[in-house]
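Chain IDs A, B, C and D follow the sequence of writing; residue 1 opens each chain.
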Amino acid sequence: MNGSTFGNIFKITTWGESHGKAIGVVIDGCPAGLSLCEEDIQKFLNRRKPGQSRYTTKRQEADQVEILSGVFEGKTTGTPISLMVPNTDQRSRDYTEIAESYRPGHADLNYDRKYGFRDYRGGGRSSGRETIGRVAAGAVASKILKELGISLTAYTCAIGPVTIDPRHFDKEEIFRNPLYMPDSQAALRAQECLEQAMKETNSLGGMVECVITGVPAGLGEPVFDKLDATLAKAILSIGAVKGFEIGSGMDAARSTGLENNDGYDTDEQGKPVKITNHSGGITGGISDGAPIIFRAAFKPTPSIAAPQKTINRKGEPMEIRIKGRHDPIIVPRAVVVVESMAALVILDALLGSMTARMDRIKDFFAPLL
Amino acid sequence: MNGSTFGNIFKITTWGESHGKAIGVVIDGCPAGLSLCEEDIQKFLNRRKPGQSRYTTKRQEADQVEILSGVFEGKTTGTPISLMVPNTDQRSRDYTEIAESYRPGHADLNYDRKYGFRDYRGGGRSSGRETIGRVAAGAVASKILKELGISLTAYTCAIGPVTIDPRHFDKEEIFRNPLYMPDSQAALRAQECLEQAMKETNSLGGMVECVITGVPAGLGEPVFDKLDATLAKAILSIGAVKGFEIGSGMDAARSTGLENNDGYDTDEQGKPVKITNHSGGITGGISDGAPIIFRAAFKPTPSIAAPQKTINRKGEPMEIRIKGRHDPIIVPRAVVVVESMAALVILDALLGSMTARMDRIKDFFAPLL
Amino acid sequence: MNGSTFGNIFKITTWGESHGKAIGVVIDGCPAGLSLCEEDIQKFLNRRKPGQSRYTTKRQEADQVEILSGVFEGKTTGTPISLMVPNTDQRSRDYTEIAESYRPGHADLNYDRKYGFRDYRGGGRSSGRETIGRVAAGAVASKILKELGISLTAYTCAIGPVTIDPRHFDKEEIFRNPLYMPDSQAALRAQECLEQAMKETNSLGGMVECVITGVPAGLGEPVFDKLDATLAKAILSIGAVKGFEIGSGMDAARSTGLENNDGYDTDEQGKPVKITNHSGGITGGISDGAPIIFRAAFKPTPSIAAPQKTINRKGEPMEIRIKGRHDPIIVPRAVVVVESMAALVILDALLGSMTARMDRIKDFFAPLL
Amino acid sequence: MNGSTFGNIFKITTWGESHGKAIGVVIDGCPAGLSLCEEDIQKFLNRRKPGQSRYTTKRQEADQVEILSGVFEGKTTGTPISLMVPNTDQRSRDYTEIAESYRPGHADLNYDRKYGFRDYRGGGRSSGRETIGRVAAGAVASKILKELGISLTAYTCAIGPVTIDPRHFDKEEIFRNPLYMPDSQAALRAQECLEQAMKETNSLGGMVECVITGVPAGLGEPVFDKLDATLAKAILSIGAVKGFEIGSGMDAARSTGLENNDGYDTDEQGKPVKITNHSGGITGGISDGAPIIFRAAFKPTPSIAAPQKTINRKGEPMEIRIKGRHDPIIVPRAVVVVESMAALVILDALLGSMTARMDRIKDFFAPLL
């Protein structure tokens, strides 16, 4: 049952392994008439590219995107957009150890059990490189959303024990430090923690938060395709995510109705506004007009050089020390992945909402019939 | 874009409003030859039925299920199973207030904005009664899983400030207290908190945990349809859920690679086993053979009698006190809903895994060709 | 892999067997705000009801529809519409023969091989009664299309050797004769053929044609979801249909490019029009603004009283004479089924077309953002 | 609503325009462990490659396939298989005429109306080159089916007025003449007709027939996803197909029940067999064990050099003569496209049938649990 496709209307299908020829994505259902060039997409890919700081792997990957179809004379045609990123750093290497044994915290053993064997070169399809296709598609979705006045901002809100302080929140700071943290002091403390972890050949986990503004009320479907449910799936589908929460999230479980309910008032234009936003912008699965705010918990990078207990293919216990150039933390490079997945969800819900009401359908078709 | 359908192979479609004629579900894709009777389903429905304790609404709903199709001579036929539960407690009532104003924490205003108007009788489709269809279908899925040796156990693990103590965990206790807590002492303390909240016309949130054993390794798909991503969507699609975590969950963000990785060893039969289970039974989106463990955070019941600020349909500020018979906490009745959604996810992934390998496909068809 | 669901946006799921408690359909994705009552649906169901003439079975089925959900104060709410038709004529009967042997031209043997056993009471799910759900949903789709200026007309165009004469085509005549033929003379000749077939305990096949007007250009998708491809699937999914053709259809294979191409001109308003309509209103899979015209070939009713060779469950050769009250021809009652399936396809394509262009998407959301 | 994806389990997504950089397909859901190399796919592509005879366009397209992902050490890994064919013949050309006017029988005008503009270079997405992706995927599906004992044979059964004579049917002949006709005499007569059409700058239509043997009984779903309905959609989704019929097809409408019903007998092993095969191997939407036989009617190539009436973008009437190197008939190169689409349908139904019965599901999982 496959599972490489995401979305209903703005539908993406990703393909490619970490050490294959290329990684790519096909976007089906992109509206026609959007101005689009490779640079629009490259900007997003550069945010997840390795080698940007000492906290990301030193592997050299150009990650240069190529548009293979769906764009003509600088505009999308409404037909599938095929995007490809060649894998340039496929240096021949000795894979014997990871071919013959199972890395803790990785899917190696599961792949062997599911498929009978696996592409053991660097994780294959379970590699973080798989997210290239998501980010490329997310760049296109974000561009459409931007034209409609919707914008997304994701950032690192915690690394190991260090959490950002809301009082120091500075959106501009996100792109100034290598950790994508909107709090310069927290970023400094987090870097110290990372240095320590690296010294110990260990790794750290962290949290990513995403805020989406300009979302009209009414997106999302009442039951199984609630907007937050779809966001949760999108975010948990990113490797290494172990938790998702929206608005008051896990804290809601410890609060009371009086504390957690968002009362209503009206703004200067007389439009309804919520007094608080414990819902995180989604109530009953449907966007409520307030900013959407959610968080994702990432586990620490499983690939560490410290010795770990495992078994080999014959089932014999052994000790493994994972070599290679691995990020000591997944989070900073995952920020743009979270933002991309969220953009895909919001755009798909937005397009899906167009058929909800007879009056709007009639207005839409009146000039066409 | 609808959204009342869940699952790919074992696919369910729910319908019905809280105060309509009936609530129901159609299961399409149930394998033929399963013994099934109404009692199999009723047992599950009884676990979410109102009126079981003073912590659940006193509304009288028989919630009696009827099998309308798909079962012949006591066995499923492979064709759609239509299940219906009539709404018996539709007492005529004065809905003026909730028709004319917006309840904080509810989807009332969103529905009006999405659809232009709404069924204002008790929440309509956004009511908790919508989960009847999920539980009825979950009962069927659970029965199939049981025949394959897979079992699910969900329970309340926290209510307001009270959390169960793992040292007091007693599976038998779950069905002995009205809160479905596997720790009798925590259950008593939780009841005190609930009494207090009720006195204050307030409500409490809580957490549900679910453990699934007997799941073979290899279920789930590598990318967007990761098993945990699908579980997350299933669980967040339950009204009032604000957070989801699997295995070490949110804590993973604060841990190190050495702490969080699950090393491997072999058991007495020489089969691979994980030394720890921080993954919660799913690694890289694929079941890893260990028990699957996840948690869901529920917000407090939004319907409370205490006065709250809101607006009416004309946009005028007003105060609302929600009358009626509402649960002071959602969690106990939601336990079986969580278990049902999880059963649907696991069964669907199990059936979906049958086509993953050429060798097994050949073995399957050899006697049929 | 189920298969009881049709459509992407206006999505229907049917359930029920011929001799079960009821037959029904759930419509998910119906826009909110459509005026809808049971009579709107009943009118369509009455067109397929048995017992309307001596050429249809004398079984007494009231086929009275009940709306169980999705409509509030006379308008659709945007949530699933559940429609149910109780099976009233479930007289207890001796099913031994069809339980123990396989009727030629029926799916009995296939069901046994696919599912291991079958509901042998009158065809179960493979019965023509399954189309009740389609027609009920088609009535709703047709009502929406009508409000948008799109109308569908299906009729019998051939019965056995008798074909309607285009020169005698009279739309009003369709509802005047029991065969739904738009040519009174052909209808008389067809009735003679049917009398003869009935005398010989035999049955006849026939053709249904459907014309759809008012369809705007631009519906349908370029590749796999071509509008005519989706129509073909919809029509072939009706039991007993063995062929589908659109526009010049099968004759196109025998024509030349010069004959078959539709040239363009402009009408009085300067809008493009096709000079001919060999395409049948769909070119390159996309509606071209001309009326959509297609035909479906139905095989003769397989249930006949004449003796036929078959085998029993033990594999022993035997002769079968099928008793009971069977239509000597399927076509007249299938006319409304064809029209209903076409309405579902056109509506779904219409709703799907709303997201094709950035300019229209921007116009749609401008007042909402 | 996109529409570039086909299949449920063995799911393919095609992309690419006739004059873009490349054409491709992503196969998601291919079972792991299948031996696969580029040559397996190239063999199929060579059958639809232009330039094979004087009846196919003289455009030079190497149509060389490249496997970009999903295959490791010569075997499929279970992850998406990305296949790409570069477009080599993109000679710069003067497209003014087809950019500024609408070719009769083409989708030019529809695309403009649907998307606001179009890729006017040689048809863009509506070009026959789009089928490259289908054939590449069909090659993989056919290889799997072959390993399971299922084989497909498609051929030209009519060109213009010439139809093959069943008495001269010779399977070996199919690959001996440039028209893929299994009757050498008919092939000669058809070539004469084509020469005549070419002299008149005209084109011809024709028919393709496909026979599938070795299909086990029980494939296909009872209602909307009947096996023949899915085949019809697959075949009508090929550009230029105007009609589809299975088994007795259109003739069934003119036959009687006694003539058209397939009686049953048993073979030497005592297994049930049908005495005739008017059903074309599918009864009630489910494969009945007999060979599946269907036919598709193709319209004549719309691109002809003879003068035709049309309009330009300003809506002014004009005359068009389409230059370029066009096939005088679509059918011969479409034979492998029909076969490929049929392979995709059969394989998907086969994989989908694995979850139909509890007894087989239990047998499947017994060794895994």
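Keep in mind that, in the parts below, a residue touches a chain if its C-beta (ideal position, glycine included) is under 8 Å from a C-beta of that chain, and two chains touch if they have at least 3 such contacts.
Quantities reported herein were computed from a predicted structural model and do not represent experimental measurements.
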Farthest chain (mean CA position) relative to chain C: A
Selected interface, B-C versus C-D, where C-beta contact pairs are more numerous: C-D
Whole-Å gap between the CA centroids of chain C and chain D: 26
Between chain A and chain C, centroid-to-centroid distance (C-alpha), Å: 44
Averaged-CA centre spacing for the pair chain C and chain B, given as whole angstrom: 38
Junction residues of chain B, two or more chains touched: 1-5, 8-9, 14, 29, 32-33, 78-79, 114-116, 125, 218, 222, 355-357, 359
Footprint of chain C on chain A - complex, ascending: 8-9, 29, 31-34, 76, 78-79, 144, 147-150, 214, 216, 218, 222, 350-351, 354-362, 364-365, 368-369
Residues of chain A that touch chain B when the two form their complex: 1-6, 8-9, 14, 102, 104-107, 109-111, 113-116, 125-126, 130, 158, 160-161, 197, 200, 202-207, 217-226, 228-237, 239, 242-266, 270-272, 275, 278-280, 283-289, 297-304, 306, 308-311, 315-317, 349, 352-353, 355-357, 359
Of chain D, residues touching chain A in the complex: 1-5, 9, 11, 13-17, 20-24, 26, 28-29, 32-33, 66, 68-70, 72, 75, 77-82, 84, 114-119, 121, 124-125
